[in-house]
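Shared between the two complexes below is subunit A, which pairs with subunit B and subunit C, respectively.
Right, the complex of A and B next:
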């Protein structure tokens, strides 16, 4: 695995994300999405809970939703990058050229994902800060976040650890994109929709019917959400550690599955002759 | 040179190579038992009409595609079993595809591809500058890729194809759609790369002038089969006769000229249209003057006026015509 290829792909991925406009406009536009998601989800909860009879608004539930919505958009934003890199790479012919460079397709996808992870981490943190202040002032009540160097470090560690699962998911999706000429652009959107339901982004997965709730319960994305909430809302380090561990374990399983699927798809795509094919 | 030396000098070896695609219309045989050897330092042309199998061959040799059967080796490595070893010593560029990120400069794109080959950054920049200078690209390196003209994008593509100091380079129609001057400078560049660095260049093209100008040897391919393989001069010599060229009016439909192919002494024909003058130029490979006369008469009987006719030295297209009985244009029309 070439670190040089990964580093170059990070640089290219970063340029791909921001070079189309000036850096400030690029960053602002990339922050609008997650910020809007967090505020929309929080607003829905707030309106529904205050108009409930009896009113059931709970500031800690609002914190739960803010963390879930922000981290969900974070995962959704960078986990689909391998698919994007292949789909757009086929159109621009960059991907076939990457493919015929020795041992390069995987470092390329890793680099592109890491670039997106970095940019999305920045935008999500800004979204969390802005939504925290905006919602606190609009609602007129405190939101029980624990903001200390330790809690923020633990949140960032959870985000870093979640790269395994997100990249595994990205590889699974890009396995399809390798030999697909239809829906490869839309597929990550469908999967992101499912992720919102099954990753405990907005509500506990125990509310889902069996056996769906059991599956959702062991997904690494769910464990990641739980670990992040234990760091930022509940301040419970042992529980954080447990869910972080489960997140790593699940992430590695996802990564293994994604790698196997991607390698299989690469060979099959080469056999079918679709690595450099744009249309069916 | 003994047989072992010849073997050592072979960089691309293809035996019984076959590739079949399944399509909605049924099975399509793109390569049908191709045998071929390309030597070190050679600019080897693969000449044929669109759909002949040229691109499929390049895709297989550059490890983008697996063959259905047969064997293909590059620098002694098998395309099916050792693709990574091949990738380390080859590169490839297609004239129809200009790989690059639009919002990154030409230099940035080239640097990115160089890093995939593990070239230290300083060395990569040196190579980018050197290769760009050879192609007149040096003043455009810091422009974003999208802002480059088609010709300069193609120059970037060709710099990229040599960035890793490859031993074998596959070029698929590298000058397609380019103006004459750009095409000339690219041909010079390709020749220089082969001569000065001993690289093997396998050039797939349907441009006969290009093959004539830069290829040491050429394989003529049609419907997935190699029909002839030799130096351009030797191939033209095999015809043993000049060809008859006629400018006729009005322009005939493609099928209208088919009776020409059935005349005695006619090996084949091809035609092109001169839209500006409203004429069709027909080139007929004939054996002897009598056959030439019967061609002129047949064309007149078809209701066309022969504006002028003359004999000319055979070109590679006429070699193709003599081998297939049709020109590139007719072949492409038949297969479309």
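Right, the complex of A and C next:
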């Protein structure tokens, strides 16, 4: 797989996300949404816990919600990029051109995903910082984040490791997008919504009924959330390492499944002649 | 007056029909559209239940219902003319004798009809799964709901004129608007009044958005048994009606202005990609 092709695709992805305006305006607009999501989730927790009888507000639980809401939007923002690259690429004739170039579709999807990962990582970190200050001042309480070079590095490492699972998910959706001519645009929001429930973003998955909770419990996205919280809230390195390892393992399984599904779909789509099909 | 003899009504009906047909002609769209609002409201309902006020879980389900309409206003009203411009449909609107305001009204009514099944499914599923406690005053609930939708879609019409001036930035502006407006409007939690976590200045600013007043009035009438005669409800109903009229008027003026400007500068049908 050509690194030059991946690097070129990263540039394309970056241009797709930011070339419509100046980078500052683009970055600001991309940060506003995740920031609002984090504050909204935190506000729901605040209203629920403060007005409870007796009040049950716990700053560490607020930190739990902030981390989960921010990282969920991060994963949702870039895991659907392969699907977008195909769906949009069919309409703009980009994807068929990429496809007919030798061995280019996978590097193209990897590059687009990495570009989105980079921009999403920046927006989520800014969202975390801004939501920390906004919520601290609105609610008037300290939020117990552990902010040291080590904890921040561990968080970033967890985000990098989670690329395996997110890209695997992206490839699974892309396998569908190769054939789809209508619902592929809505599919990522569906999956993002499911991730919100099953990745322990806002509440422990143990609250879900069995066997759904058992499945959610072993998803790499859930392990990623847990590892990130152990880095930023609980400061427990052994637990962080355990969950990071599980996240890597689950991510590799997801990636393997996604790759197999995408290759199968790509071959089949070529045989059926639907790589450039735009209408039902 | 018969429908077929009035061009304005015929235009509105034609646009309504197209929009409604696009949803009802493909029932799977209902299942697809329900995804984001349902899963989001499910998550927030779980947050209410897990961390305290389980009895207010209905706030999140109501939020899921209303976010369906807000999403429709943003993606299928505000940016619709922009997309129509990209595919060459807007030129046809402009060059035909059809009234733009009729097209917008038809699009709104079709949007409401098209979104209603998804919104109703969110409500039904939420109610079936979580059994939220409700204490509704139905005449007030229906009045508030109707006025909220009217002013929300009037806002969509006003935004559609604004988006007409945009090119490909429209999608990014939509994405940037969706969550912040949901946040300050208090779609999933009370953003105004005693329960709000926000300072008074933010609450005052949020009250200028129809969705904020609508959500507050809906929560009061649906969950707290407040009806007509309650000062807050009456005030919010009047404010929603005024907002609807003002936004309708503003959208008509703004569209006329942009249309005239576009004709003069020759940019009305320019596709910016």
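The working rule: the second predicted complex is superposed on the first by the 280 of 280 C-alpha atoms of A that agree within 3 Å, B and C clash if a C-alpha of one lies under 4 Å from a C-alpha of the other, contacts with A are read in each partner's own complex, and residues count from 1 in each chain.
What we mean here is this: contacts are C-beta pairs under 8 Å (C-beta built on N, C-alpha and C of every residue); 3 or more make two chains touch, one makes a residue touch a chain.
A quick note: this is a predicted structure, and the numbers were derived from the prediction, not measured.
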Partner chain(s) touched by A:270 [first = subunit B, second = subunit C, both, neither]: first
Subunit B versus subunit C as contact partner of A:20, first or second or both or neither: both
Subunit B versus subunit C as contact partner of A:2, first or second or both or neither: first
Dominant contact partner of subunit A by residue count, subunit C or subunit B: C
Partner chain(s) touched by A:99 [first = subunit B, second = subunit C, both, neither]: first
Touching partner for A:37 - first (subunit B), second (subunit C), both, neither: second
Which of subunit B and subunit C A:138 touches, first, second, both or neither: second
Partner chain in contact with A:203 - subunit B first, subunit C second, else both or neither: second
Partner chain(s) touched by A:11 [first = subunit B, second = subunit C, both, neither]: first
Intersection of the subunit A residues that touch subunit B with those that touch subunit C: 20
Residue ranges of subunit B touching subunit A (in the complex, touch as defined): 19, 21, 59, 62-66, 84, 87-88, 90-92, 94, 97-104, 108, 111-113, 115-118, 144, 160, 164
Of all residues in subunit A, those that touch subunit B in their complex: 2, 4-5, 7-9, 11-12, 15-16, 19-20, 92-94, 96-104, 107-108, 270-271, 273, 275-276
Footprint of subunit A on subunit C - complex, ascending: 26, 28, 32-33, 35-36, 38-40, 42-44, 46-53, 56, 60, 167-169, 172-173, 175-176, 178-180, 182-183, 187-191, 195, 197-199
Residues of subunit A defined as touching subunit C within the complex: 20-21, 26, 29-30, 32-37, 39-41, 43-52, 56, 61, 65, 138-139, 182-183, 186, 189-190, 192-194, 196-197, 201-204, 207
